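Chains here go by letter, A, B, C, D, E and F, matching the order in which they are written, and residues are numbered from 1 within each.
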Amino acid sequence: MRADGRSADALRPVEMLPGWTSTAAGSVLMKQGRTWVLATVSVEPRVPRWRVRSGRGWLTASYNLLPGATAVWTPRDRGGANGRTHEIERLVGRSLRAAIDVDRLPELTLHVDCDVLQADGGTRTAAVTAGWLALALALGPLGAAGRVPADLLCQQVAAVSVGIVDGRPMLDLSYDEDVRAETDMNAVMTHDGGFVELQGTAERRVAFSRADLDALVALADAGARSLMAVQTEVLDGVEPSPVRAALP
Amino acid sequence: MRADGRSADALRPVEMLPGWTSTAAGSVLMKQGRTWVLATVSVEPRVPRWRVRSGRGWLTASYNLLPGATAVWTPRDRGGANGRTHEIERLVGRSLRAAIDVDRLPELTLHVDCDVLQADGGTRTAAVTAGWLALALALGPLGAAGRVPADLLCQQVAAVSVGIVDGRPMLDLSYDEDVRAETDMNAVMTHDGGFVELQGTAERRVAFSRADLDALVALADAGARSLMAVQTEVLDGVEPSPVRAALP
Amino acid sequence: MRADGRSADALRPVEMLPGWTSTAAGSVLMKQGRTWVLATVSVEPRVPRWRVRSGRGWLTASYNLLPGATAVWTPRDRGGANGRTHEIERLVGRSLRAAIDVDRLPELTLHVDCDVLQADGGTRTAAVTAGWLALALALGPLGAAGRVPADLLCQQVAAVSVGIVDGRPMLDLSYDEDVRAETDMNAVMTHDGGFVELQGTAERRVAFSRADLDALVALADAGARSLMAVQTEVLDGVEPSPVRAALP
Amino acid sequence: MRADGRSADALRPVEMLPGWTSTAAGSVLMKQGRTWVLATVSVEPRVPRWRVRSGRGWLTASYNLLPGATAVWTPRDRGGANGRTHEIERLVGRSLRAAIDVDRLPELTLHVDCDVLQADGGTRTAAVTAGWLALALALGPLGAAGRVPADLLCQQVAAVSVGIVDGRPMLDLSYDEDVRAETDMNAVMTHDGGFVELQGTAERRVAFSRADLDALVALADAGARSLMAVQTEVLDGVEPSPVRAALP
Amino acid sequence: MRADGRSADALRPVEMLPGWTSTAAGSVLMKQGRTWVLATVSVEPRVPRWRVRSGRGWLTASYNLLPGATAVWTPRDRGGANGRTHEIERLVGRSLRAAIDVDRLPELTLHVDCDVLQADGGTRTAAVTAGWLALALALGPLGAAGRVPADLLCQQVAAVSVGIVDGRPMLDLSYDEDVRAETDMNAVMTHDGGFVELQGTAERRVAFSRADLDALVALADAGARSLMAVQTEVLDGVEPSPVRAALP
Amino acid sequence: MRADGRSADALRPVEMLPGWTSTAAGSVLMKQGRTWVLATVSVEPRVPRWRVRSGRGWLTASYNLLPGATAVWTPRDRGGANGRTHEIERLVGRSLRAAIDVDRLPELTLHVDCDVLQADGGTRTAAVTAGWLALALALGPLGAAGRVPADLLCQQVAAVSVGIVDGRPMLDLSYDEDVRAETDMNAVMTHDGGFVELQGTAERRVAFSRADLDALVALADAGARSLMAVQTEVLDGVEPSPVRAALP
């Protein structure tokens, strides 16, 4: 049994609150245990320099840890994003661009901004999962208003962390588990069990084996399916939902 | 009557949720109408370079607008705080240092970090008001644990915005009112009606008169008293409260 | 009596030397006691990005303390303006934009650059007062040459610092007085006694009262009138003076 | 057959030139087809701030693309490493820290600096492979001189890229193949077939399946073994080789 | 004859005003025609990181063009010194370190800060010449107070610009001449006719010959002697002058 | 005799390897003793902001020391080029712009990027010499393809360092000699013995005399002629060589 009483293959309690703030086009406050991420989607009528006058838009993601979100205070990224932040932002951006047909996006930028209000492990995967839901919530009205194609969203995406802790494969690591893990892996998956991203890292010189990889991938698959079920339930509660219809 | 039905001297509905997040030493989610500020207080066992080996600590404040907190998307401050952010951080920091006996703080830094989750005018004054409450909530346990003097907090502080809109002095401007205002003023006040900060700005070449100043100051005084009543009510609900006892 | 023999309501000796340098469109070396500020006004045939192709121009201000201007050496702002500099530049910029009808400025930028050659308190208010005079001096020839509307200048602006030192309200604080002050206030005023900016700060936890505010505002009003008299005298000595005519 | 005549499971021709430059403690020019990486290892008698006075050292890696290394000119990273560079430097650093017992490193920094002199795909994996060899070459003399423990190196590490191009899994992608790939994967492996890092990314919305993952991992395993054979051959040619002895 | 009536070998009128500001340890306003440079020398009781605990100090120089000092407005160096500024600061620093026995400086920093209040060519050489005088003025009292060795200053240094304009070698170029020059040369010289720095640059693809070099060097020698005569005259007027005595 | 057995007027062994890398338009690996510089020339179809829509292009140079190129590790220039780098880049850029008729360059940028793979003194002069050859090699095909005028190159340029070491003038200083030198001088010269740049610096307070200058300039002239002979030999080996024909 784990410190919080979970079995090795259990997710922490998950809550996704759609429309939590009202300023952005889409907004979700996601709680996964004590990891809380606020994801918002905003539309900016400009594109990065290399897309100007291309007739095509872009989706970009940002990630930020609030200074008080961790037990040890985190300074703000005022001197530029640090390496970890850059790495996460690139992961979230690639994952969410895989969910839409980005080449059919008109010349505007979709900003998916993820702020971690409270951190207890798994913040980057929560950012992907919450970001996808905020995106789906935003695309409904944007599609209805004709600002983007109605069927822009083409697949469902969610992410989980898995790892090997004290020699045992486990799903959805808390911060304490993550610190002790020998292997740490993040999987971004689609509704049909495909991988959008898979990133595994051996910690402390203990390389992981093919058998470890198989066990971790199986846990990730089950975890991602559960998270997608929650995403779907939220979307089903929002009316009318042109986006929901667009999904397989 | 104002767009939201308020009278000129009315605050928007105010809610202060203590301990909203659990990672920081103190935490408050404050909602003032649709302006939502999350203030956290964290303790860092280091001081700025100019205080090293002085035996004395420091209190510093930061302010951040989340990218999706405004209808028009706001880029993150990655290239360094901009002028407006700097100005607000200095205001919040001075205001909260006025609430404690900073020279009796031991050699550590109290970080008061304010993140605007949703913005509808008055974010800097909400940051002061929420920041003060988060500070008071943090100082209780910190004092009990002997990390800071038990009576470090020496006065109650809250802030409001006032302004002249369409020729009429008004309390607690929303964003739409703020944009139209001829004069914009922020007052940071203490429980005995003194001023910690008073900053008034004439917009669009319409200087404000002595009479305008008097009217605005009277509105601010009443507004700050109401906010302090809510702060006190929250503190009264937290047990045991060594901080509450320390206040006059 | 004050250290330099002044009464509480006296300004330090003021000198404003128009056209001190000849490269800029307008230039003033202002000496207020041992505080010396060189203000220049330059015209740049470009506008900030957000004004491009708007047909309208902008006025912006900068502020800089020379490294040797203070007894304790000040490093140059090479890593970006610091918080204090930002705050001052915003104050000076707002104050001088209040003096002109900025929407009638054609698509060019007026740069008002203030360099403190020697600092003894009150540098930001001296920057406003000298900056206004340099602006008025520049607008004369610019208006005559048809580069800006001849009547662009619409009000006279000057600024003073006041404060409470050892319990007594005083006008125009020197650096030594400023350091000891319980309250520090800057007022930017117009020729008819209106306020463009009013910024008061309580130092060291001593909030200031309504009565304090009244006393300080009265001192500021008198001080600003004296400074405007010097500005007017300088302008009267410059021939021909289309700007002087435009003022009330 | 591929554009350069290789079979799907073939590496490009590999050359590793040890001691190519003589200023650094270890140096390797590695050519993998037209991808050329110069890796050097330097010893700095200082550690990052968070390791000061810990009695322990650190290994850090950097990565840089020369401006003329690509057909399209690449500007230098003068404004700070960009996201891609950060991501690669973190990958290389983690991979090489896995090769040594970093906690037994005395209080100094080992810098592994990788410069891409010519780029044709697979630069990050070449940086790991060349970096490991430069590290092994440096640790020999450093161990002999008593500056680091003689048995600091504890496992052999090499990296390869694999991917799915036109539906077929392939080893060691060239730039042209990489651009067309549906899935792109980098594997950092040890001499006993374990994974230090595994990073797979689906491109253009085509998620990869479990079966794809299995095929790619098998290709990577074979490729990494071949690269390690070249590393071993180089080390065998260097006399005396305390490092070589230390490896399994 | 030149535009201002000078002969080819004539300096512009030179004025050096010692003690022009009173905050710094040494201060000179130097006017060379319409080029005005304010040089100040300040003492900071710290040294650069690489000199900490070496028991030895450092002399460093900075250079800054005020925004309104040129006919075309110059933005402030807020994003870091640009290449030209860096180049000039290095030149001025090396030139003034050549004037003192820097290894006998105790562990403090002498900052020589040069601000160009008005620019009409030759600002970098004026910075050296004015900087040297401000340094000599500062070292007198600093030596008398025992803060630096009394005989720290060991040679007199001044600098001039020379150039070839319309095929003719000329001394002390104004801005208009500098822009038209085929060759531009700066010489930093000592009282016995030695060179501390000599920097010549051919403009517009017209290389300069040995004969050109000889002619320019002769002009520079005469010009530097004249400037040193003015420096000496100023120092002779300051009583008591331990520095003056120390010079040959 | 010098440490490496050379006479005072001898260059170190020089090798220039044309086309060493194949990605850039021109490429040279130059070895001058143990100083190795890789110079590449790349074409970018954009110009700096101040040349946009001028119909004219620009040539710019960059310089970079690899971290492991020196015995003491050098951190990368991530926070912007430092002063020394800026100074060198400006020198190389000016020197190579003197070799071509830059006003006849069409609206594109020629980037000459110099990376020091190994440093043993004289890196900036090697960058000029290698940069010129890479430029000549690039202009051949670019001229043949009609992207630049065929006769754009108008003079041959090479650079050497000279200095006074232990009282003796010497050619082509190694790092150990450079550190001990009393005078250090860099000369950039043309095929007819003219100077494009001449920069001499006295080190450690020993000014250099007219006689020293004469001796150094004579050494530099001979050294530059030898280097140009090697450049010419390389160009003669490249067929067809429209550039070679264009030179006098």
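In this text, contacts are C-beta pairs under 8 Å (C-beta built on N, C-alpha and C of every residue); 3 or more make two chains touch, one makes a residue touch a chain.
Remember, predicted model here, so these are calculated numbers, not experimental data.
Common neighbours of subunit C and subunit F (chains touching each): E. Superposition angle, subunit C onto subunit D, using Cα atoms only: 180 degrees, a multiple of 5 between 0 and 180. The chain with its Cα centre farthest from the Cα centre of subunit C is D. Chain centres here are Cα means. That of subunit B falls 59 Å from that of subunit F.
For the pair subunit C and subunit E, the distance between C-alpha centroids works out to 33 Å. Taking each chain's centre as the mean of its C-alpha atoms, subunit A lies 51 Å from subunit F.
Annotation for subunit A: residues 80-81 touch two or more other chains. Contacts between chains close into a ring here, every chain touching precisely two others. By the touch criterion the chains form one closed ring, and its order from subunit E via subunit F is E, F, D, A, B, C.
Across the complex, subunit D meets subunit A through its residues 80-84, 86-87, 89-90, 94, 98-99, 101, 154-155, 189-190, 192-202, 205, 207-210, 213, 217.
In the complex of the two chains, the subunit C residues touching subunit E come out as 21-24, 27, 34, 36, 38, 40-44, 62, 64, 66-71, 73, 76-81, 111, 113, 115, 117-119.
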